[in-house]
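Given below, in the form of structure tokens, are the structures.
Both complexes shown next keep subunit A, but they swap its partner, so subunit B is in the first and subunit C is in the second.
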Partner chain A sequence: MHALRVRLRRLARLSRAVLRNPSASAGLVVIVLMLLMAVFAPLLVEANTPDPYQMPRDWAAINAPPGTPGHPLGTTPEGGDVLYGIVWGSRLSVRLALTVASITLAVGITLGSLAGSIGGRWDEYIMRVVDVFMSIPELILALAIAGILGPSFRNIILALAVVGWTQYARVIRGEILKVKQKEYVDSARIIGETPLRVYLRNVLPNSLTPIIVIATLDMGKIVLVGATLSFIGLAETGLAEWGNVVSAGQQGVVAGRWWVATFGGAMVFLWALAFNMLGDGLRDVLDPRVEGR
Partner chain B sequence: MSHTGPTTATLPVTEPGDRTAPLLSLRDLRVHFRTERGVVHAVDGVNLDIADGETVGLVGETGSGKTVTARSLIRLLPSPPAIYVGGQALFRPRTACGQCAGSGCAKCHGAGYVPEPCQVCAGAGCEGCQHTGRHTLDMLKVSGRVLRTIRGNNIAMIFQDPNKALNPNLSVRKQLAEVFSEHRAGELLRDAGLEHEAGALLRRSASGRSSFLERRTLDLGPLRSRHRRLEAVIDEHIAGALADTHVPNPKKIMHRFPHELSGGMKQRVMIALALACGPDLLIADEPTTALDVTIQARILDLIAELQERRRVAVLYISHDLSIVRQISDRVAVLYAGRLAEVGPTERLFEDPLHPYTRGLLAAIPAFGQRRGELVPIEGTVPELVDPPPCCRFHSRCPHAAPACRHVEPELHARPSIQSHEAACFLYEQADALGVDARDMPSMGESGPPAPRVGEPSADEEP
Partner chain C sequence: MEIREYVVRRLLKLPLLLFLVSVLVFGLSRIGGSPIGIYLEHDMTHEQVVELEERFGLDESLPEQYVAWLGGLFRGDLGFSAVSAAPVATVLPEKLAASLELSVLAAFIAFGLGIGLGTFGGARRDRFADHATRVIAVSGASLPLFWFALLVLILFYLVLGWAPLGRSDPYLYGQIVHPTGLYSVDALLNGHWPAFVDAIRHLWLPALVLGYEGLATITRVMRSSLVDELQEDYVDLARSKGLPERFVIKRHARRNALMPTVTVMGVAFGLLLQGSVVVELIFQWPGLGRWIATAVLRGDQATIMAFVLVAAVIFLLANLAVDVAYAYLDRRVVLGE
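Here is the complex of A and B:
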């Protein structure tokens, strides 16, 4: 199939361009390592029973420094293994990022499309809701929602999903308003296609490029904000989650027990940095305005 | 132009589906745009007929309403802001000749098509078909469903820039398959010999409605060979359409993406797309403007050839008078949303009636002409925001008289040549308008434009 070959060739060209970009490929390497860590978590550190997402407590070794036998990265003041928190925490981070991103993408694209393609009154309604959401700082709003729902990791996911869809809605709406003007959309309508088909075949596929970049950048931010919420204490206590690990080590930093907060924080930092670098690289590759540089 | 104006119920109709009734009649078409500065009268009372197989050139400068006129008759304008204020766009579709099934015979005068008789009165003539006996649709009023069956099937359009008019994300085949699926699904199934044995899945596939999963099912299941047959028939249709527009190696080209083709090739694909279903009317909106001159000539030849072969009526929109002169049977000159003049091409070019047409022709550069010999039309096009009743051209007209500034001229034929009409008081009698004879313009006074101080003019802000 020629069509398939062209698509594959295009994909190959795109990935080559991404890999040529040093910061994007560095980001990609970190992301792949993180994903591998999440997938092979049970092989790296044995799962805790009954709940593998609770850090195992070793009351015999509280505040153990890195290098302690059995606790290569040390322990928290409650005897939680830092390595365990980091390795299994990567699973929770992947889950958080993927769930929130897919919910926000679905909601954002749907509502943004409705606003952009139907327009008129619906455009007004949807975009005013978006304005209201965007006028409140994201973190504060997520904090309030998660606080009302009660402390649990699932509520953090929910809160971030409620907060995050607005930027997609806004960008998709703008893209659709732009693509709708293109002549090929007219030429699809003049063929006699139904409005829905014109939208699905001609408008939407040509509006998605900027979304890819934003979603990539967003994956980093979601984990950052999620870790912040769990740092504040909006996740279950003792959860093997990066923000939680940082929170457990918070008191100890002054007393010289640097390792808990540092390792937990480093993971959040690396994750956010990696996605930002990949996102920026993708923007350079996909944005036609910077193409040909 | 044989059938115009009001008719009575006693009008004699010779045969079902009057052959002489025009394919398309624009009757007092008015399309306005609501803007923040007021209502823009983009098209303000256009009357135009297009007969079967005729080429009508619609000329005018930028902003004169050419494109709005063309797009409004297939309702392709975004609304809002466009408002279809009034008038009718009566379209009378043709059907394939029963005798020769489209190949052309004596009965259909070689066209392969015959007028479709009115569904209400079967050709006897009723209110609905305006006593033409032909099936008549008002394109401004028909439902969305009817409109979609007309678009691409009976009326097609080609656009100015082929680089922008093809979806960059779909192969040529996918885009062409769309037309056939949309309008010829039954024919595709019949040609594949699947008329009676096609299940819901194949039917959906023929009409281009299959989802990704359905296509995989068709590829794997026991339906595979039938689906292959259907796909082969679609390929054949597409290759045929491309071959008609002289695309070399159509079987190969159809798998290409638009960015893999040259501009001229893309325009050929666009024309193939437009003519795929054998439309009655082709709207060509400056189809050669974006192409370079050598390709321009070839595309024009192609349009002329296909028109000759299929007897398609063409509404050719352009600001290039030399092209219009070359390909049109009749020319309509649009100025500021109103028709200034309509007439047979040669007559209009040799003996233009309206001062605007004369100005246009004087402004065409000719070979060997020296600098300074071109005569531009003084002034600019008036604003079209809430225009007062007047001749739209009066502020630039060398013959402008008081009557031109207060009364709106209508298109009228000159007594000598019925088919040549102009909207100008130069050719009218003062008493017919109820205006003082001294206020009428005359040919003699062809000095500079009359002073405009203190006069209400169209370019005044409302």
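Here is the complex of A and C:
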């Protein structure tokens, strides 16, 4: 009970420090706005039927410039409403980031813990697998997986989940090797705690700090890479997703229709920027050594 | 441990990694649909399909299929690229040359300009020039490359009309012989000045965009490590000796600040490799990146597998080179672990 109260107090102190950091709080504001847009999407723009994640097509107004009545941000060459793609695209971005982050975190922490705690042959095997995944640039491996599975948003999520766990496994393993040396871990072991209990109560909670920063930065990167894959064309046609909106506008750019690509990409940029600012702020707060850079 | 021994040990580990990568790539091709799917036509007879299956060894076990595929790789048989309607091994060299030309210039921009800009900003900490370089450094990590490329295209192609799309003027391209496949180099070898100008005119903008992410990464690390170095005692000593500030930065601080910068160069190489997909797609550059982008949309497994293999080999060698360079620069590093 006491331990819980100490942890809560530490959390409160940390959040105050984060809020005092100007770039972190600016990032946080943007993130909250994006989340609100995702939650209240049906109130902002009426849902398309039957599939709300397909942009509604207005064939009477294709390639309409911004400011057209009914299409404040213009339309794509198929008459898809750009504003609709942006608002409902926030939902798909939230889904993408949360799904991929939770899968990669779970897999990465489990495998990294196994490698760091058990060590020996398992460590060797797991780290060789990590090495192999890291021998191929992330986007290229994800591109290949999504390409072989076939174009769909679900396969983009799957591809990013398969590729993204290695960084967590590596960092957790390194942290656990460090924490294992600490005296409090020895004392827990000496008073007869089981290895699993020592791991869950003493080792893991004290190894998670760098993971918080990496996961925050990763939330931005996942959407960035996911949008890149759907820009290349690996999502369903007409999907209300930011990268896909840019993809729909790509051909038009050369003909002077700048708006589709510009608005769609700006959302990806804002999203990534917000999480990078929050992540950098968190790093300053959690790791005072690099403060002030 | 001697540097030579370290390099040899890293080189010995390379075949194991390459073998594991080849297993991963082969595994990839078997998670999707059948590898012959892309060659099937509606009017094929049953016998033709069976013949295709036999040619791909689909009636054998997976390890046997892997060995057959690997044997093919060593004989230079990378399979048949459906999107190019030609054997992968035939198409690969010219695509590789086109991508290489673009990436080499982009690498010069990323590394050369990045070190320069980082030094420039770090030496003027918290002044206007520093803030300006930090905008580049910070935006690089958040800017979606595909969006940045399109914005640049709007500005330089649409508004200013300074940069053409594609790689060359077909007429000028046909005027010269191509011994290396690098258009700008070939033009120089031919002594054909208009072709060289044409090559550079097509090359500079996509190279700048491709180099941007790496440039941002290098600038950021270079700047912050220079700022750290400038607070060290040896810098104070050099200054108190009366050395001019430019000399202090160039001969003393920058040298040490380069160490952390070298470590992120491997990352920058990865950014160049993966960035080429999007940049070549947008600037219609006929290289590996655009090839793979078309291949993934059609599920063309032979092309995808070849590309991933080539990318892995380049990336592994680049990282090896970076590690060796680091070890060479910093003799304090305890090599091996």
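Rule of thumb we're sticking to: the second predicted complex is superposed on the first by the 280 of 293 C-alpha atoms of A that agree within 3 Å, B and C clash if a C-alpha of one lies under 4 Å from a C-alpha of the other, contacts with A are read in each partner's own complex, and residues count from 1 in each chain.
Going forward, a residue touches a chain if its C-beta (ideal position, glycine included) is under 8 Å from a C-beta of that chain, and two chains touch if they have at least 3 such contacts.
Because the structure is a prediction, the values reported are computed rather than measured.
Which of subunit B and subunit C touches more residues of subunit A is settled by the count: it is C. With both structures placed on the common chain, the touch criterion links A:Y184 to subunit B but leaves subunit C unconnected.
In the superposed pair of complexes, A:P205 makes contact with subunit B only, with no contact to subunit C. When both complexes are overlaid on chain A, the residue A:T194 reaches subunit B alone and has no touch with subunit C. In the superposition on chain A, contact is made by A:V6 with subunit B only, not with subunit C.
The touching residues of subunit C, when paired with subunit A in their complex, are 16-17, 20-21, 24-25, 28-29, 31-33, 138-139, 141-147, 150-151, 153-154, 157-158, 165, 224, 227, 270-271, 273-274, 277-278, 281-282, 292-293, 295-297, 299, 301, 304-305, 307-308, 311-312, 315-316.
Subunit A meets subunit C in the complex at residues 128-129, 131-133, 135-141, 143-151, 220, 224, 227-228, 231-234, 243, 246, 250, 253-254, 256, 258, 261-262, 264-266, 268-269, 272-273, 276, 293.
Those residues of subunit B that touch subunit A in the complex are listed here as 74, 76, 80, 148-153, 156-157, 159-161, 164-171, 173-174, 178-179, 182-183, 255-257, 260, 270, 273-274. For subunit A in complex with subunit B, the touching residues are 1-3, 6, 120, 182-184, 186-194, 201-202, 205-206.
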